[in-house]
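So that you can tell them apart, the chains are marked A, B, C and D in the order they are listed, and the count of residues begins at 1 in each.
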Amino acid sequence: MQPVALLGLGIMGSGMAHNLLKAGFSLTVYNRSREKAAALESAGAQVVDTPKAAAESADVIIGMVANDEASRAIWLGDDGALSGVRSDALLIECSTLSTGWVRELAELAQGRGCAFLDAPVTGSKPVAESGQLGFLVGGDPAAFERARPVLAAMGEKINHLGPVGSGATMKLINNLMGGVQLAVLAEGMRLAEQAGLDMQQVVDLLSNGAPGSPLVKGKASRIAARDYETHFALRWMHKDLSYALDEATRHNVPLPTVAAAREIYRLAIGQGLGDQDFAAIAEVLRPKED
Amino acid sequence: MQPVALLGLGIMGSGMAHNLLKAGFSLTVYNRSREKAAALESAGAQVVDTPKAAAESADVIIGMVANDEASRAIWLGDDGALSGVRSDALLIECSTLSTGWVRELAELAQGRGCAFLDAPVTGSKPVAESGQLGFLVGGDPAAFERARPVLAAMGEKINHLGPVGSGATMKLINNLMGGVQLAVLAEGMRLAEQAGLDMQQVVDLLSNGAPGSPLVKGKASRIAARDYETHFALRWMHKDLSYALDEATRHNVPLPTVAAAREIYRLAIGQGLGDQDFAAIAEVLRPKED
Amino acid sequence: MQPVALLGLGIMGSGMAHNLLKAGFSLTVYNRSREKAAALESAGAQVVDTPKAAAESADVIIGMVANDEASRAIWLGDDGALSGVRSDALLIECSTLSTGWVRELAELAQGRGCAFLDAPVTGSKPVAESGQLGFLVGGDPAAFERARPVLAAMGEKINHLGPVGSGATMKLINNLMGGVQLAVLAEGMRLAEQAGLDMQQVVDLLSNGAPGSPLVKGKASRIAARDYETHFALRWMHKDLSYALDEATRHNVPLPTVAAAREIYRLAIGQGLGDQDFAAIAEVLRPKED
Amino acid sequence: MQPVALLGLGIMGSGMAHNLLKAGFSLTVYNRSREKAAALESAGAQVVDTPKAAAESADVIIGMVANDEASRAIWLGDDGALSGVRSDALLIECSTLSTGWVRELAELAQGRGCAFLDAPVTGSKPVAESGQLGFLVGGDPAAFERARPVLAAMGEKINHLGPVGSGATMKLINNLMGGVQLAVLAEGMRLAEQAGLDMQQVVDLLSNGAPGSPLVKGKASRIAARDYETHFALRWMHKDLSYALDEATRHNVPLPTVAAAREIYRLAIGQGLGDQDFAAIAEVLRPKED
């Protein structure tokens, strides 16, 4: 079977790797801390110590890390994947990244003769585990067709958005909407609580009303319970809003509610909430006990 | 059948009045401009020239107008309804109002010996016409039970939220979420367009993704088409965000994204968009042709 | 000498009262808590127990309290001043109030046959003590001329802005600028500190540069020292920004930076900083110790 | 005399160049469009066609351009200055740039064996012409001492802030304060106008009151007159706020009023105001004629 490398075994990457194995791909994995690779090793993956080693024998190389810095490290760092790629490899960046870095990386890949796709995912941990992720893909159509079987092993909704960077842009737009929807959900629920409403009723009404998006349905009761077990860390939402604002600067598009929300997420990080779920933005709005 | 009066025959009030007639209530209606009452007169309603005249014979008196000023006018103005109410009447304010005014009106009603409920509605024109509105009701339980048959003639989801003002508060929370969700939808779509994405694809992805609330589903394609036929006028969303911010001031709750969005709706009004659908906030974000 | 009443003996009111005595006016004073009046009693003021008692013999009645609620209480409350005024008295409201309440009060005063001026002050405690306050006066010219000798006893820069409400409006504009200037000073200094700059140098450069207003000069070193001894309480700045936003709603004027700053002052109140100097807004921006 | 090169002959650069000539330096200049160099050629400067040519014989090379892109072009572009520098040259970047680019450029300079200072200027056109600029300098002390005679020819207040990047950071802090101060000045004046106040009086009161910074004094009457002749283009203020927000992201410092103001400047650019003075932000707040 086609040799695939996957770089980055966080919550999402691990789920994706298991599905690649299930689909029969010959899989090599790399993670900065090797412990996370143990379960995958048992499941049949080859574990290596550097991105370069993972890339060397792979036909398709997938990146799935936290941010631009981590992506830069796996591709360009010491023993980075780009130093080991075969000239006909296909590189797929599934991380949520700035479009600036995506385009820079695409050029470097081209310089090595490789095909490149940005293909950030939608969905959370259970969705990654069940192989039902969505992929928002940017890049040329031939590369997209070549990637399809690999992506299909990990997800269901595979959308080709346009040239390189289109997937990254669409992902940032998706997340900027989520970031602001959650901020205003937190604001509304804080007001409801302070005004003395029954919070279970508020959760039900908002979830089933006009603003009741899947995100609102999923987070409202957790905010009411002040349960911030991490599905998507607040610091990554802050990062995505920052990337979105950068993209908006590039295109001179005003994003006033995103700009306001980003500053509140940043206040949340300063209050030590960065590693909790992004729903913890609700805590910033609460009065502090003396 | 029980005599009911309805004050205010705008888009919503007219639909509600027709359903009251269908349910067999003896209905008296008042509207500032009498033309709007013609269809209802044909359908069997009695049309009168003052709120006072409407109130005099009614067991239940319903207000359905645009804002605090209009509500104040129908209840307290010259020949206002409060000057004509029977001492055992039930007053139901279905308008979306500030909680301050709702509480003031409730006290005035009590002073006249009347029961009072704030019962703002959720749903739009077709929902009003089909009798499927939601009611968010504040007031004492006895009054709520007394109102139920009347409300049931007009709507389906009838929720009792708590004491007077609770319905108004819940409605403002619902609308502040809608106002911000639409603002950030407009921002995200503007960025998508400027970045060169296919807008039909963007509409589909956002509608079916995590932020895909009924509101997003309903408005995304209209924003893409720049079709702002009025379902809910932008100036009323601006008003509701302002009332929500007032309520937040009362409770000292920070609403940073609401505050940011309100200013953009205000810019929209200054650009002549106040009477268009509130989705027209998207126009504010577009570069202006010279 | 002309009998004058002064209602409200806070930091500002006390300074003003002493200067009225120095100028030879026959002064009656009222304060909610009587202790504050002791020093003035020694200095020759008559101390009474109700606003009504203060108003009864006075030719000119001055209000100097914290906000709309307190103003409403001294003029309209139990034994309020309006119930005791002579029909030819001149009422001068020196508090910083919403223009809505100022206009309502002016009408009530007129209803009693009294002249009315809104005359909020600029300047702080030492300026009040030295009799160098500024007055921003709204009302008709005859009333303004009648008030001049009284105002001149307390201040130096006495400006007539226009009809009733003009003084209140100008004061809110002055304070909205101050509230935002301080917020952005706090933001800039926080960035400077985090970037490792020498804070004394930053204070000097900002104070002597293009943004170096008297306010910046006065507050920058206090922010650097985290010294928030109260000159003007943060909760009153929050109140003034809220009144300014209300006034802007009335005139449909967008105030995006004021709106953003108001929410941060509100977060500050939730963090227990309301009674400290408004420069304490800088604390909201700091990371919190675990 | 010491050979100096100056790259970039905009409003500021031209003034600086003339003062270098007056001080007796042997000056070589480069500008993208050569016409701007004519006056300097008459005054004794040598005009060359590439940054590289300017750099080749210079002991000190000064950059004075609009933004990161332009700076990157003069130093790193085709025939860029870095390709021509002598290994012992001193590079001084006087442009207002992002700290990220400044640090990158400093490393590249070091790689060539050159000394490097970031030394953005404060002051406007007339101040540049009269040789009274301020310099906010970052870099090592030896380089600072070496630069002093050159800087002293162009300015008066020469401040050493710390290591490379410190000057750039201080400049961004200075400008973020200016950008927000002007935004809130525009907001306050718009409210004043709409409330019917006398605008000359408003200008005087704000200029002489607590918020009356040199910036407010300089711009208030121009906003009142809607005179936006460009002293500092709105697009550059937008750029500086964007760089400041980037710097704040790096340090995780919340800048809520800067974030709000930046979006309004961006709306202004979309309305075609980017080349006018940044005081033209006031125009965004005005209702639009139909």
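Quick notes
Keep this in mind: contacts are C-beta pairs under 8 Å (C-beta built on N, C-alpha and C of every residue); 3 or more make two chains touch, one makes a residue touch a chain.
Here the structure is a predicted model, which is why all the values come from computation and not from measurement.
Counted by C-beta pairs in contact, the busier of B-D and A-D is A-D.
The chain with its Cα centre farthest from the Cα centre of chain B is D. Between chain A and chain B, the centres computed from C-alpha atoms are 39 Å apart. Inter-chain spacing, taken between the CA centroids of chain B and chain D, is 51 Å.
A separation of 38 Å divides the Cα centre of chain A from that of chain D.
Shared interface positions of chain C, i.e. residues touching 2 or more other chains, are given as 248, 252-256, 259-260, 263-264, 267, 270, 285, 287. Interface of chain C with chain B (complex): residues 242, 245-246, 248-249, 252-256, 259-260, 262-264, 266-267, 269-270. For chain B in complex with chain A, the residues that touch the partner chain are 99, 122, 134, 136, 159, 161-162, 165-166, 169-170, 172-174, 176-178, 180-181, 183-185, 187-192, 194-198, 201-202, 205-206, 209-216, 218, 244, 247-248, 251-261, 263-264, 285, 287. Touching chain D in their complex are the following residues of chain B: 256, 260, 267, 270-272, 284-288, 290.
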